[in-house]
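Quick heads-up: structures coming right below.
Paired with chain B in one complex and with chain C in the other, chain A is shared by the two complexes that follow.
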Partner chain A sequence: MNNSCYLGIDVGSISTNCVIITPEGEVLFEIYKRGEGNPIKSVQQCLAQLTEKLPDRFSIKGVCTTGSGRILAGAVVGADVIKNEISAHARAAIQLYPAVRTICEIGGQDSKVTILRDGAIVDFSMNLVCAAGTGSFLDSQARRLNITIEELSSRAMMSENPTNIAGRCTVFAESDMIHKQQLGHEQKDITMGLCNALVRNYLSNVCNGKEIKPPIVFQGGVSANKGICRAFKDALQCDIIIPPYNMVMGAYGAAIIASTSCIEKTKFRGKEVSAHHIITKGFECGDCPNYCEIIEVLDEDELIGRTGGRCGKWEGRTEPREALKGTGPRGSVMEHQTCRQVGNVPDLIQIGVSKKYRLSDK
Partner chain B sequence: MTYMAIPNIGNYTIALATAVESLGIKAWASTATTPEALKLGIAAAPETVCLPLKAHLGHFIEADRAGVEYAFMVNSVGTCRLRYYRHMIEHILKDLGLKIKIFGLGFDGFKPPIVRHFDPGPITFLKPLFHTALKIKVIDKLEVAAWRTRAIEITHGDTTLLMNKLLVELSESKTMARTRAIRKKVAGCFAEIPVDKEKKPLKVGLVGEISFLRDKCLNKNIEYILGSQGIELRNFFLLGEELKNITRIVFLNQNKRKYLSKVADRYLQCTVGGHALDSVAHSIHCADEGYDGMIHLCPSGCMPEVSVRPILKRVSKDKDIPILEMSYDEHTCDVGISTRLEAFADVLMERRKKQPARPSRGEGN
Partner chain C sequence: MIMIKRLHKSVGVYIDMGNQFLKNISPEWMWKSGHYSGSSLRIGIPRMFFYYIYPDLWETFFGELGMEPVVSRPSTRKTVEKASQISETEHCLPNKLFDAHLAEVVGKVDMVFVPRVLSTIKNHLSCPKFGPLPDAARADIARGTEVLSIDIDENKRPLSKTLLLLGKKLNIQKSKTLSAIKSAFIAMESANKKMVLLNKKKGKPRFLLVGHPYVIHDNFIAGPILSKLESMGVEVELISFADDTPAKSYILWSTANKIYHKLNTLSSEDYDGVIQLTVFNCGCDSMMIDTYRQLVKDKNVPYMYLMVDEHLAQSGIDTRVEAFIDSLRWRG
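Our next item is the complex of A and B:
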């Protein structure tokens, strides 16, 4: 009996998800956890839950992290592959629905649309600087209505005559919503109106100019909201597929990527990491006027990784700080072995430097 | 010693610094906007102006705080808001109560005010200018070599390191002879980097607003991110090419823009300013040359680049070439950029797997 399995971790803005799969792609466990703004702790808690659930006979053969916190999480658990979430989500959707042509993914602070043809991504788009088409929008409005996000979902489904709410901007949606409340609209109609507003915003901002063709798979944290699914169906006039692991598709995709990337020996640091005392420490590089903020991830006293920096010389490196200080830009996450000491070469050249001083040095 | 702050155009700032010496003064500059300068600029500028203006403004504020007396900024180039930049910056600096004096430099007469003010002798004036032209050529050569090598290097970072080393050397070079020696060794140095010759890297063209094409602080080091993912780049702003174009206009009456507008004629007939025409024409050109994809860098609020966005979408569809649109402002976060770029690289890789033999006409240079 084959006891190997693969772990995918998706560290998003709102939630941290873990999925464990068998080499055949069957999901053993899934964990969806809303993070409290501490990605390291969330990852550790996920691993702790995993330790409880996963029988000892299974051994993890590969780990892939994804999501906006992928590099930090990768350093904490010792990831073999670090992948962007667009590819991870697409990988998961293709695994479950090979014929998929559009993936709508709405997460906490990101919303994306991915266009696929013949099982390959051909185009994608991501929201820019606006959160009006994302889960945060719903979260903040639910808080305003003093109901939980689950209640918002169920109430929206009861609505028969949705209110029209301006969804261009989260702030103005709120004032419009207050206005409608005070006009006496029913709460269920307002909640459905909110769902419609979010979908309208998503379709006009993120999907602008993209060919949305069925089959459409809708995933990400927001896909658990039935009101949004209903709004999508109304707006697109076609059926929307909600995959079985809709909340954790990113992590599922990451796990599939881990299982297919021929890892010989995993760098996974073990489930025990959950009990370790992991802290981060920031310092300023100061080798050039970029003054990058470098974050060091420390497990007790052992340095397990660094993130940050523009030139790439700190990223993922675990040599002592003094050894890297004053060296030139070099290295990427995978290149621990081939680093060499070099002379002092800054990433940014200054001319007339004698007169330049930092304001904070004053 | 009198210092003059000069605007940032990426590595070409090194060459510009030499040009300033022709006025008998010294330059004060850096090859990328420092985060500190950007912060100052954002605080001082109106919120809706585009990021390049904020970057330049911050740079000049920082210069003033460091005790620099003069600054210069381009005038009247292109038909976008860039022509008002100097006046805007001048006014803002004045409102802030700073003493730095800004000269304009553009097509303003045979002896522009900046030259009249410092009034250098003919020899002091001309020699550094020739040196500047030479340095620009060397930097062009460095850039082109770096795009190629970075995609296929075996140890990540080798190219960037060598490039930075040579740039430091170049910025310290005071004589034409030394600069020529650097030019000679560029090819050799890059050839020494161990590369994977078998690798067929993806080829991507970078088009868009020039400050973003050049300033690695503003574009979040896009060349490095793409290069280390094994993508061969072609950045469509080379100062040497632009200068060549100007000399062609003056002496041969051949304007590259005429050629570009012919290429882009089906999509764009009128002038929209800035480098918008270049963006469209180069995208069409790259599609014909068999590039794998294009990346369009556009500061949010940049009128010319924003107006060609729908056109680029059309080009992308007609010519079957993926074009990634990147919109930048001061809130753009690094993770968002690298996520998009990584996903774009994945898309291109999948495309390549499906159609391994894309027609390729010649080398992309």
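Our next item is the complex of A and C:
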């Protein structure tokens, strides 16, 4: 019996998820953990749980990290592959439903739509600067209603006559919701109205101009919310598929990517990392006028990785700081200089014009 | 075009009739010039808008005239921080950055140069935001500093005539201005050629990056995207605005017209993908993006647009660019 397995870690804005699969793609187990804003700790706790659950005969042959904290997590656990979450989610959906043509993914801070044709991504879109069409919108409204997010989900399912709530912006939604509360609308109708508002916002902002064609797979943390699923079905007028590992699809996709990327020897630093004392330290690069904040990840005293920086010269490098510093920014941003830049010019002491260019009366 | 201008603190209100010559303006200026000692007149050029529309033109022109051109440094995080303090919140990001660039040169130069760019191609229009720039500069950020301005309006007169007028305005001999114009045009031509390609190495995939010249060449807006693409081994061609003959189309905006024309004549053999770079509240782009998308889709070339705002995190850009390149690999 083959005892190798692959680990996928998805470090998102709200949750940290782990999935372990066999080389055949079968899920051994999954962990969904809502993080407390400390991605390193969350990853370590996930690894600790993993140590408890995973029988000793299994050995991890490859690790892939994804999500917005993928680089930091990759440094902590020693990832073989670091993959963006759009590809990871798509990989997972294709694994389960090869015919999928649309993937809707709503997470804590991000919402995305991925359009696939014949098993390949042809188009995708991600929410822009605002988190209005994402899980954090529901979170803040649930807090406002003084109910948990699970209650919000179950109450929305009971609604028969959903209230119409403006969903363009969380601030507007909140004032509209209070107004509706004052008018005496029932709470279950308001919660369903919120779900409808989120979906409407998602469809008009993120899916704008995209061809949403079934089969549609709906995944990400928000897909656990029954009210949202119902709102989706109403809005799209077709059935949507909620995959079995809907909450951890990113990590599942990452694990599949790890298992298919022919890793000979894994860089995985071992499950013991969960007990290590890992800290981060920031410093300002200063090699160019961007003054990027670079974060160094330290395991005890050993440097295990760096994140941050716009030019990418620090990313993932573990050389001593002195070896990289002073080399100037990497990459070539358009620079064609034929005169002095303001930085080299001393402050003006006296305003004036030379005699040669004096603005004479003649 | 009449606007009210305040000259230094003590002189009071003066009415500038558009192309009024500087020699007529200020007795104080004359008085000051008599007290002058040392090097040539310093002229400040903010590194935004017209700096990228006419690359290398202004430095060369003013340099040849014997002035010392001083350009603000490429935009960085610090520029954006400065911009958020001094600029209007409703402006688009380049306009905010313009204000910060202007503030950077003010106080270090004798005179700042802010032309009124109305039209850069005959029968086409520029973004209406360019119109009030000199007045806004005089009224607010460059207050107390001389603002040298000229109308750049191709519908009225070609650029060379505009520069000639600028020389006249500065009271410089015509022959000297003419030779300065000549070398400025040569410099602009060679700069335009340099601005097109990012990665020289012949490789696959090959991308086309489109957007306003001051968006795709700005260090803060496009810098992270360009370096990300470069680190992924992608050959990137930046759209060129050098070709001066506009194609006949219904689009009146000069940059949008050029992008439209480029995308309309695009071939899927030349490019593996098109990336559109836009800033959050650009009115022109929001009108045009769907048209661009449709044009590129008809040619069967993958298209992605990246919208940049002052607080967009690097990870968001990385995710999009990586996923875009992944999707190309999956297509095979």
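Here is the rule we go by: the second predicted complex is superposed on the first by the 327 of 362 C-alpha atoms of A that agree within 3 Å, B and C clash if a C-alpha of one lies under 4 Å from a C-alpha of the other, contacts with A are read in each partner's own complex, and residues count from 1 in each chain.
The working rule: a contact is a pair of C-beta atoms (placed from the backbone, for glycine too) under 8 Å apart; a residue touches a chain by one contact, two chains touch by 3 or more.
This is a predicted model, so every value here is computed, not measured.
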Which of chain B and chain C A:V122 touches, first, second, both or neither: both
Contacts of A:G209 with chain B and chain C, given as first, second, both or neither: both
Touching partner for A:S87 - first (chain B), second (chain C), both, neither: both
Partner chain in contact with A:E322 - chain B first, chain C second, else both or neither: neither
Touching partner for A:E26 - first (chain B), second (chain C), both, neither: neither
Chain B and chain C footprints on chain A, overlapping residues: 68, 83-87, 120-124, 126, 128-129, 209, 289-291, 310-312, 330-332, 334-335, 338, 342-343, 345-348, 350-352, 355-359
Interface residues, chain A side, partner chain C - complex: 68, 83-87, 119-124, 126, 128-129, 209, 288-292, 310-312, 330-343, 345-348, 350-361
Chain A partner contacts - residues on chain B that touch it in the complex: 3, 13-14, 17, 26-32, 34-36, 62, 65-68, 155-158, 160-161, 164-165, 167-168, 171, 216-217, 220-221, 224, 228, 300, 310, 313, 322, 327, 329, 331-332, 335-336, 338-340, 342-344, 346-347, 350-351, 353-354
Of all residues in chain C, those that touch chain A in their complex: 22-23, 25, 29-30, 32-33, 35-42, 44, 55-56, 59-60, 63, 65-74, 76-78, 104-105, 107-110, 170-172, 187, 191, 194-195, 198, 217, 219, 222-224, 226-228, 230-231, 280, 290, 293, 302-304, 307, 309, 311-312, 314-316, 318-320, 322-324, 326-327, 330-332
Residues of chain A defined as touching chain B within the complex: 68, 83-87, 118, 120-124, 126, 128-129, 209, 289-291, 310-313, 328-332, 334-335, 338, 342-343, 345-352, 355-359
